[in-house]
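Letters A, B, C and D name the chains as they come in the text, with residue numbers starting at 1 for each one.
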Amino acid sequence: MDIVIRNGTLITLGGIFSADVGIVGERIVVLGEELHGKMELDATGCYVLPGGIDPHVHLQMPVGNYVSSDDFASGTVAAALGGTTTVIDFVEPEPGEPLLDALEKRRAEADGRVAVDYGLHMTIPTWHAAHPEALDTLSEVVAAGVPSFKLYLAYEGLRLDDPQLYRVMKAIAGVGGLPIIHCENGPLCETLRAQAVAQGNTTPIYHALTRPPRQEAEAVSRAIDLAALAGSPLYVVHVSCEESMLRIQAARVRGEPVYGETCPQYLLLNGMALDLPDGERLVCSPPLRTEEDNEALWGGLAFEDLDVLATDHCPFTAAEKSGHADFTTIPGGLPSIEARLSLAYHFGQRHWMTLERWVEVCCTNPARIFGLRRKGQIAPGFDADLVLFDPARWVTIQAGRTLHEQVDWSPYEGMTVQGWPRDVLSRGRVIVCDGEFVGEQGWGRFVLREQG
Amino acid sequence: MDIVIRNGTLITLGGIFSADVGIVGERIVVLGEELHGKMELDATGCYVLPGGIDPHVHLQMPVGNYVSSDDFASGTVAAALGGTTTVIDFVEPEPGEPLLDALEKRRAEADGRVAVDYGLHMTIPTWHAAHPEALDTLSEVVAAGVPSFKLYLAYEGLRLDDPQLYRVMKAIAGVGGLPIIHCENGPLCETLRAQAVAQGNTTPIYHALTRPPRQEAEAVSRAIDLAALAGSPLYVVHVSCEESMLRIQAARVRGEPVYGETCPQYLLLNGMALDLPDGERLVCSPPLRTEEDNEALWGGLAFEDLDVLATDHCPFTAAEKSGHADFTTIPGGLPSIEARLSLAYHFGQRHWMTLERWVEVCCTNPARIFGLRRKGQIAPGFDADLVLFDPARWVTIQAGRTLHEQVDWSPYEGMTVQGWPRDVLSRGRVIVCDGEFVGEQGWGRFVLREQG
Amino acid sequence: MDIVIRNGTLITLGGIFSADVGIVGERIVVLGEELHGKMELDATGCYVLPGGIDPHVHLQMPVGNYVSSDDFASGTVAAALGGTTTVIDFVEPEPGEPLLDALEKRRAEADGRVAVDYGLHMTIPTWHAAHPEALDTLSEVVAAGVPSFKLYLAYEGLRLDDPQLYRVMKAIAGVGGLPIIHCENGPLCETLRAQAVAQGNTTPIYHALTRPPRQEAEAVSRAIDLAALAGSPLYVVHVSCEESMLRIQAARVRGEPVYGETCPQYLLLNGMALDLPDGERLVCSPPLRTEEDNEALWGGLAFEDLDVLATDHCPFTAAEKSGHADFTTIPGGLPSIEARLSLAYHFGQRHWMTLERWVEVCCTNPARIFGLRRKGQIAPGFDADLVLFDPARWVTIQAGRTLHEQVDWSPYEGMTVQGWPRDVLSRGRVIVCDGEFVGEQGWGRFVLREQG
Amino acid sequence: MDIVIRNGTLITLGGIFSADVGIVGERIVVLGEELHGKMELDATGCYVLPGGIDPHVHLQMPVGNYVSSDDFASGTVAAALGGTTTVIDFVEPEPGEPLLDALEKRRAEADGRVAVDYGLHMTIPTWHAAHPEALDTLSEVVAAGVPSFKLYLAYEGLRLDDPQLYRVMKAIAGVGGLPIIHCENGPLCETLRAQAVAQGNTTPIYHALTRPPRQEAEAVSRAIDLAALAGSPLYVVHVSCEESMLRIQAARVRGEPVYGETCPQYLLLNGMALDLPDGERLVCSPPLRTEEDNEALWGGLAFEDLDVLATDHCPFTAAEKSGHADFTTIPGGLPSIEARLSLAYHFGQRHWMTLERWVEVCCTNPARIFGLRRKGQIAPGFDADLVLFDPARWVTIQAGRTLHEQVDWSPYEGMTVQGWPRDVLSRGRVIVCDGEFVGEQGWGRFVLREQG
């Protein structure tokens, strides 16, 4: 055996147990007792998890005049240090651009730069939805390893109207794909935003006030209803509030295949902070909500009304975030690619999360839902993506010091968590050793995902 | 006293009791015992009800190349014979036409022709919603006796998009008005319709199949969510299916001021009949549904998840309904202005409806919700709009014979009901005597409605 | 006409309108305009209501070593001054005593003493439930004007076990009667109580802590389930907490005929007060709960999850309430027979209660549910039980001063309400004039109630 | 390695994957690829599952004048042939008998006879609940490997009243134990039964009619409410109807730790069969219900409203079941210990069950809930309890031929299923080989269970 992880406590969906993990090349070949190999990692005192999977990140992503500050290199190094060994980013085709061309272009940006494996979701923007022939290649996109499709109900250029949404979901369902959807009622938010600005209400809190929870819930309900009509499953990204979660819950009670995702910022942060100094940094969409929403979402995550904890990682520097005449020009997005696993571990214990559920929402469910057939589990034949998570390690979150994201602030600045990855393996290679990155850019590979 | 109704059993929301009703001029002045007057009507064996109010009728209404076959004269005579002494029809402004001009024009069509009192709802079409200044006169419209506003989520030229819907509801709420809304997702239905036609599916049943229950429910949910955001009450017209009703019920459980209306066709008819001979006659929107929906709506009506039984009366002749190349050109709408009270009485007894609830949904609730301050109750000071309803009278519904609607067929043809109006008074005048119309065209007046 | 009430605003379930009320003898004979009579009461500025009906009072009721401090005379005078013109008290047969004998005995205590009309519920104690032949006279009890039967799930001597409850409800349903039920799990409460005392927890707050909301909810659920099995309607008295109300709501959503009652103390008082000085006075069962429960019950009352506001009036003097070695010997019960209407009017306005709903829960619903066929409405033929309620009258509640209950304290002491009865009529006789009692003991009569 | 299972498809809660399983002695030591050992079992074409766990069986159990016809030997051989490698049976102490004595006695009946491992639940009968000192040894019972306690709400001698139930659950929770409860309202059922017999309704169908779904639901609700008051988790055995499941679902939505179990008979059989020839054989409690209940329970099992599929295996011979004067003397219980896995596999595919969920409810969840720390998973360190399940094997169920239960009939007689265990291992020993039992009595051991 090339590597053996010894004496660890394995956390799997099926349960918690002690076993050594034996690795040959890139894959796990053995779970066993008293295994030995060329290299042995002593995991005594550590939990051994399948590598974290973050299915919602935006690296070097153009947003208006800005580009998110983590590129494929820096972002994936930060991910690795935080115990995430696979990220799924997005392809966003230009108007008129064939989907497969856009995929190739985006892959060219990532290949050779990523420190961990990555996948891509294919965005279906307005232009493509409006040109049905642009969807003729959906099955080829799926065959190219991209069986999930990002749809938007907000943002000019991305937003789909109802017939487009229906037709696109039906087409996606037809090729066995999964629509994943940003649920906000864009036209309505723009109306509220214009009213606020017209009334001189331009401070960051108005970003949140002009995107109220009820409009998000409306968009969630509509997406669920149209998915039901289209005979399609549905994955709702970044659920931010209780009301939206209740709509998903109701659909699931009716037996409909609807998945929900939330993010650390919606579990831990409070929208009132938008009105505090540096509040503009916290601008993201959907916006931060209330403590009641935080609690409700923790409950949803623990008790299976939500399925996945992703990050929607999309950092902008303090300078980019500040100095805007009004809230409408602040680039939206927050960083959290690195601290996801630890935040979920530390705070999850105070919110009904079991260890198994922690691994399920951070690792196993993203793999299953998004067709990462060789990831998300610790079992022979699976990729040797593994995290040795040290539950005794205290870390105080500090941008630029304990974090390695390429952004000079963190929404979690100053929070202290107990529990942090010690060592991380990606396809059989140690890429983080005792909290230090020892991998290399370009090690990561594009993963051909299958239908979930 | 001018007229005294003697020995009747009064059905009121508060209860059932025996009393004589004394009338002076146009109004009830006394409820009492052993009253006497110049004219006495013996109501022995009859129920005495407040005159029926049908808040949803379309008389001489242009629909594409057709005009609904009942005009203000014939339609209100039929209404009177069926025990309905007030109808509320619609103003539908042309693009660019000031609301008050359109109101005046519509009143000119009705005044002098109507046999019973009438009111009007003001439609806010797409053009007006898109021109905010067109809404500047909303308070004047309210002041002119029209505090309710019809909004559509379907139909080219009428349909409002979400920002329009929000702004219009907010404006309506701002003047104390009530939005009443047709909930179908128009753009989606048009997409489904185009697909069906493209596939050669052109028979009448495809009218129903391209307007499925779930899209209606989606539109209901969306209207409820946007009304909540706009701080507006909401009245959903012609709820046709259980799923839509459940959305209204959920809103009411949350404490939101949402009202629901259904119609006899959604309680008694089955959409499968669209596939039978003459099925094209039954085309209406939303379409007829299933027996399960019928039962669910009866339950909703009886147990207060729905508030009003109206008709959406909009007749077209058998000739106009037939001979179409495909279902898309069939004029939509059904007649039921005349049999409403009797159908609800007869079949309601088999569906948990009490006599008080019957009167509540057919008479009292429409008056309260729509601001008919002097109608809907039997009490001193109220208009002497009264029905002597004979529960022993058997009638077999036959267009042109037992019915007097100006249309040569009825969806209820051949049904036999027990219970029919014997005498009807409108503002103190006997306009139906022993089942014969003895009133006159032009007797009816436009009613200045107040905020509900 | 003997008496005419002029210029009042009538509040009825059907609506609010202006009319004069004409009375001949004991009954309303006319509602009309410009009526005149031998005596005329000017109700300008007042609301005219049907006399209040309090279907849950305990006058001169033996409770252990005590007797409730209001007797049939003092209690009904207080009721009258508060606008309540009918009370329903209880017959509680001794073991072995025939039901009809007990009824006669209880009537003998009240007749000649009551200032307003009264009815009686028949209690079915444990002994009678255990002796099926004791139920043979149920139909005679109904025929004697007592169609409602009080059942208990708590209290030694009164409590029914499940088979008894089932059989008794089935028997009651068989004679068209209505079971009304005290829902607390008696055996469980006694267990909790014994534990508390054993642990030295003897202060009044332990009265509440040993009767937790969940046990009440359990008893409500059980009663509902057994009523469904027995084919019986059900009326749950003194619902004290949200959890119990939710069980009733769930049953109603399923279409089951379950009614709910609450009382002012559960809407306005907080159980934490049991831990304050004089907290022992507030001992009652079920106990006072939390502010959250208060709010939930107001919502239930306003939005029709509960039907009736009664009082469970059962006063004991401050001396009787105080000086107990532990909470278990404090006689349970609170006074509120006099202030019910005013508390509901004043605080109801802050809790979504409309005027019609106020009258419905205090006057009309009790009449309908309990078969008081000639009460609860203002209509010809009905008893001239009327209240002229002055919405401008400010009253600060003070036992022995503004209140006339025979008890030297009030749980509402010091609260100021706006709105109080000015004049009250009982069967055509003015018994309260400008806030003074001008009636007489013995005026009230036993009312033969019919099946509701 | 002693044994290697090669080329199988492992079904685990975490997912489905191909791996070899290496066994040394009694335990799994390795999951890996290309493993070799002294003995190799080729699992090509087979699913490899953790051994089935049936946590609800009654072997050689005295029921009135009868003893269930499978003894510990015959019953566990049948279990093994059906792929079940652990059963949990019951200790039922006599009045006055110390719990530990009863445990020892029951163990003496099983030890040396069982073909597979077994555990025991400790019943707390009425006598012990009524004698609090009898519960003083609860923690010793837990320490003796019995952390789960069977409680009854029905049956003379076993039934607990509410205070007993509360105290017992509180005591169990206090030692970290789990109450598992038979929810039927015994006293009520006895009343209904007596009425039926008195009316001459003595045929088997009256067994079901006198134990209606609503009384079961009442008992479930009550147990849930009392568990919440006692601060205890709860496991509801043999949920038979939708209404009961809805009560469990409601508790789980409230966040309460309530588990639910159902059995094949409640998923597949219809209570109307009690009225057919040989209907008396189908007498069991709770009784068989309707097809609607079947469907609802399948849904609950698939979508996580229920957690476990057990059998309540309690067979009586056709002779014992027949010839009774009335239904009350028929010994209650059905056999299904052998066909459980196959029935669930075959019919589950038609009812939304995934392979993972099948394994979860039949193997993994029983292990986790009942503290079988080394069972229910395929992982190093776990007992080598394994099933090679051949999905291609067709079996027609025939008592005495394809089944090996010691009973001459089966409620599933004649049903054909596709999918049956080929080989079964118990702690590293092959006990079923190609469908033949090759193990031995006495191989099984008592399992010391830990707190779940």
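Here is the rule we go by: contacts are C-beta pairs under 8 Å (C-beta built on N, C-alpha and C of every residue); 3 or more make two chains touch, one makes a residue touch a chain.
Model, not experiment: these values are computed from the prediction.
> Strictly by the touch rule at the top, which chains does chain B share as contacts with chain C?
Common neighbours, chain B/chain C: none found.
> Starting from the Cα centroid of chain C, hunt down the chain whose centroid lies farthest away.
A
> Taking each chain's centre as its mean C-alpha position, how far apart are chain C and chain D in Å?
That pair's centroid distance is 50 Å.
> Using CA atom averages as chain centres, what separation in Å is found between chain A and chain D?
41
> From the mean C-alpha coordinate of chain B to that of chain D, what's the distance rounded to whole Å?
58
> Pull out every residue in chain C that's touching 2 or more other chains.
Nothing qualifies.
> Over in the complex, which chain A residues touch chain B? Could you list them?
Residues of chain A touching chain B: 161-163, 166-167, 185, 187-188, 190-191, 212, 214-215, 217-218, 221-222, 225-226, 228-229.
> Within the complex, which stretch of chain C touches chain B?
10, 12-15, 17-20, 22, 29-35, 252, 255, 299, 303-304, 352, 364, 368, 376-377, 379-382
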